[in-house]
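Listed below are the structures to be examined.
Shared between the two complexes below is chain A, which has chain B as its partner in the first and chain C in the second.
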Partner chain A sequence: MAQITENTRNEVQEVVYDFFADECEVDVSEISEQTNIIKDLDGDSLMFLELIEIFKKKYSLEIELKTIGKYAVKNPVETIGQLIDMQMLIIEHENHILEIV
Partner chain B sequence: MPDSISAFVFPAFVRDYHDDKSLLIDGFADHFHHQLTLASEIVDPDLSFFDPENQTFLDHELRTQYMAFIFGCTISEILQERGIQPKLLCGYSMGIYAALVQGGAISFENGLLLIRNAFQEISYTNMSGRFGMAGIIGLTEPDIRSILNSFPDLEITNQNSSYSFVLSGGQKDLEMALDLAREEGAFHARMLNVNVPYHSHLLKSAALQFAKFVYSLDIHSLRIPLISVLSQKILYSREDIKTELVENLYKHFNWHATQTRMLKMGINLFIECGPGKSLKKNSKFIEGDYQFLSMDELLIR
Partner chain C sequence: MANKVVITGMGIVSSLGLDLDTNWANLVAGKSGIGNITLFDASECQTRIAGELPVRFEEHYKQYIKKRAAGQMTRVTRMCIVAAKDAVTHAGINFEQMDKTRCSVIMGVVSTGNSSVESNTTPQNTVFKSMTNALSAWVSLEYQLMGPNFAINTACASSAYALASGYDLIKNNQADVVIVGGADSIINKEEIEGFNALYAISVQNDPPEKASKPFAADRDGFVIGEGAGVIILESEKNAVRRGATIFAELAGYGLSSEGYNIMAPMKDGEGMAFTMNKALRDTGIAFEEVDYINAHGTSTELNDRYETMAIKRVFGEGAAEIPVSSSKSMLGHTIGAAGTIEGIITVLSIYHDTIPPTINLDHPDPDLDLDYVPHSSRKQEVRIALSNSFGFGGHNACLVFRKY
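Let's turn to the complex of A and B:
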């Protein structure tokens, strides 16, 4: 499992903000933790998948996509803040994310 | 792009026009309206009411094919005028018709007539029940094959990438399979906005009727080769094209394998000749050292 440091959330936040600013052609200053990914940014599932692939490479994560999918069904993500929180859990727990109570 | 070896790729349908910036391309509007007028005279007068801001025709399966075709042909003309020539052409599913126009195998008019005739033959086919297609993103092929063990009449009719698949078949079976896919952890499992099970064996009889029309047409050899999304073979001859047109209705295709084969052939620039960026978005999940541009990225300077 990847080591979580104080900086990890900042790193994740920066990647997520930059990613959506680029993909959705909006200024990064328009994105906040409260931004709704679908309603405000017109985001889609391919973007979500691409972002997960970016983090899998960045943190050398061992996790199956369908494990994340199963987690997301039970814990739906709507906002950028929720997405960052979920990404932190993925980095911390990898394939054990479904065991979180 | 001095060292680029390019392929023009043509999408089949229009999903929406939100991403489309084609009207910002110099000369696009004039070319487009000329072709739209021709198409409205040849196949459907209502095409003249097309208005991208109001997302016209997105729920009309035949007209949205016409629109993808007209966009593709318009962009081809503009690219040719600017001296941009591809090494290879490729049509995603029903995008084959615009690719064949670009390659000089068929005329614009015959492209429209092929689209109409194929659709008519499909609608005459006596299939009982409701049919369609569905997309699943986030599962692997073995995961999906495992789900399909419970639905023997469903077919995987296309693979877009390692984690993106398209199914065709009966609507009820598709909906139940999608429920299982979501339970299995798919990020995205939805019906597509079509009522025809394209690329499935269910269309074989329609394809055989369509063949009569295909073989009656004046079809030429290609000036620029076309890669088959069915077999990943390179096609030039008129006989190969006729066979491809007929089989394209009822045989499975594989976009992932097709783009991978193009990369192995040395293609390093893909240009999406259609509205939007659906093929470009998909390409992010296909590994390789290449650029994938939508037409506005290439032409708006």
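Let's turn to the complex of A and C:
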């Protein structure tokens, strides 16, 4: 499992904000934790997969997409804030994420 | 009111321009869109020429497609979206005021062009770039349309078949509006070498603009073009209700399969003649009513010979009186897009009473003696016009357009 530090959430937030700003052609200042990914940014579900790949490399995570998929179906994400929270859980628990009660 | 099928909007991107008006102006002026290949290094290829879109297309499309979506599309799909959005704008349709379950999309697609010329393909986007239904899917997504939505592949007749299918949807009261079209680009090393191996494309590289010469004695194959054409087909009732400009009527079509050869057309144009006869019979149009034929006219030895023979078979002595021209002399062969692009040119011929020429007909083939409208466009009333498309595998289509 990856080591979570105080800075980790800030790092994750920065990567997520930059990613959406670039892909959706909006200024970073227009993105907040309350921003709705589909309605506000015209985003798509593939972006979630791409972000997982980015974090997988960045933190050398041991995760399988199908595991994340099972978790995401039960815990759908709508906002940027929810997405960051989920990425944090993925980084922290990796393939054990389904064991979170 | 009879349930006529009418054309209310059109969009083209091609080597002659990135919008409808520019394309028409260049076609009427008899300009060639053929030049040296720049999309890849063709220096080792026998054929080094093609009809590429203007270079600025790669900036132009950004006005139409968001970066995120563009990354999931090939160049072919992007061409289609630009032409489709232009056609919808041209038609003045606001889909928010329509029953979207009665609005359809049909695209003629041979391939999406996910070849070696595509760069920056990520594993996540490979499937989206390759799937041949991508063009119709993206158009439906753009407007959230919910009527039937599909792709048709009948080689070089693909988008002519798409028009025929769109006609049927409206005639059978399954749709009020159908966005119909096609897009294609096979300007890549693999396709060029493949067609060279079949002796199907011209190797007269210098000067490029003179290579596509349908019906000429020194023709040596077609020149590959790229582009997209999209037509808005609409029920007359719907078009009149919303006060749309009607550019022409799609009066009907003839489709056939030759069951003969994977590449060569049926001897002496028998299958081509059958298709034109079928189109005229099904639309109830008399031979003498036809004012213009937009030929398939590829600039290959067999097509031009057989198409000429077919026109003579169908129209008899009257064939000599009918202007027949090939847009491929200027655009090259846009493969899956050709049926719609040439359909649009036929519609504009009717709308403007102007027939674009066959350029490069400097040395006419003595065996081919129809009126091919050589060199210059002709101002002439066009009430009824045919547009022919014939594809590898024996897929034939003849569309019949009528002045509205």
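In this section, the second predicted complex is superposed on the first by the 101 of 101 C-alpha atoms of A that agree within 3 Å, B and C clash if a C-alpha of one lies under 4 Å from a C-alpha of the other, contacts with A are read in each partner's own complex, and residues count from 1 in each chain.
Going forward, a residue touches a chain if its C-beta (ideal position, glycine included) is under 8 Å from a C-beta of that chain, and two chains touch if they have at least 3 such contacts.
Given the structure is predicted, the values throughout are model-derived calculations rather than measurements.
After superposition onto chain A, partners chain B and chain C are found to clash with each other.
Of the two partner chains placed by superposition, A:Ile38 touches none, neither chain B nor chain C.
Of the two partner chains, neither chain B nor chain C is touched by A:Ile4. Of the two partner chains placed by the overlay, chain B and chain C both lie in contact with A:Glu50. Residue contacts after overlaying the shared chain place A:Cys24 against chain C, while chain B stays out of touching range. In the superposed model, A:Lys70 makes contact with chain B only, not with chain C. Contacts of A:Ile100 after superposition on the shared chain: neither chain B nor chain C is touched. Which of chain B and chain C touches more residues of chain A is settled by the count: it is B. In the three-chain model built by superposing on chain A, chain C overlaps with chain B at stretch 291-299, while the rest of 165-173, 183-191 or 291-299 show no clash. Chain A residues in contact with chain B (one complex) as well as with chain C (other complex) are 42, 44, 46, 49-50.
Put simply, chain B touches chain A in their complex at residues 18, 137-140, 143, 163-164, 182-188, 281-282, 284-285.
Across the complex, chain A meets chain C through its residues 23-25, 42-44, 46-47, 49-50. Touching chain A in their complex are the following residues of chain C: 66-68, 72, 124. Listing the residues of chain A that touch chain B in their complex gives 42, 44-46, 48-50, 53, 64-70, 72-73.
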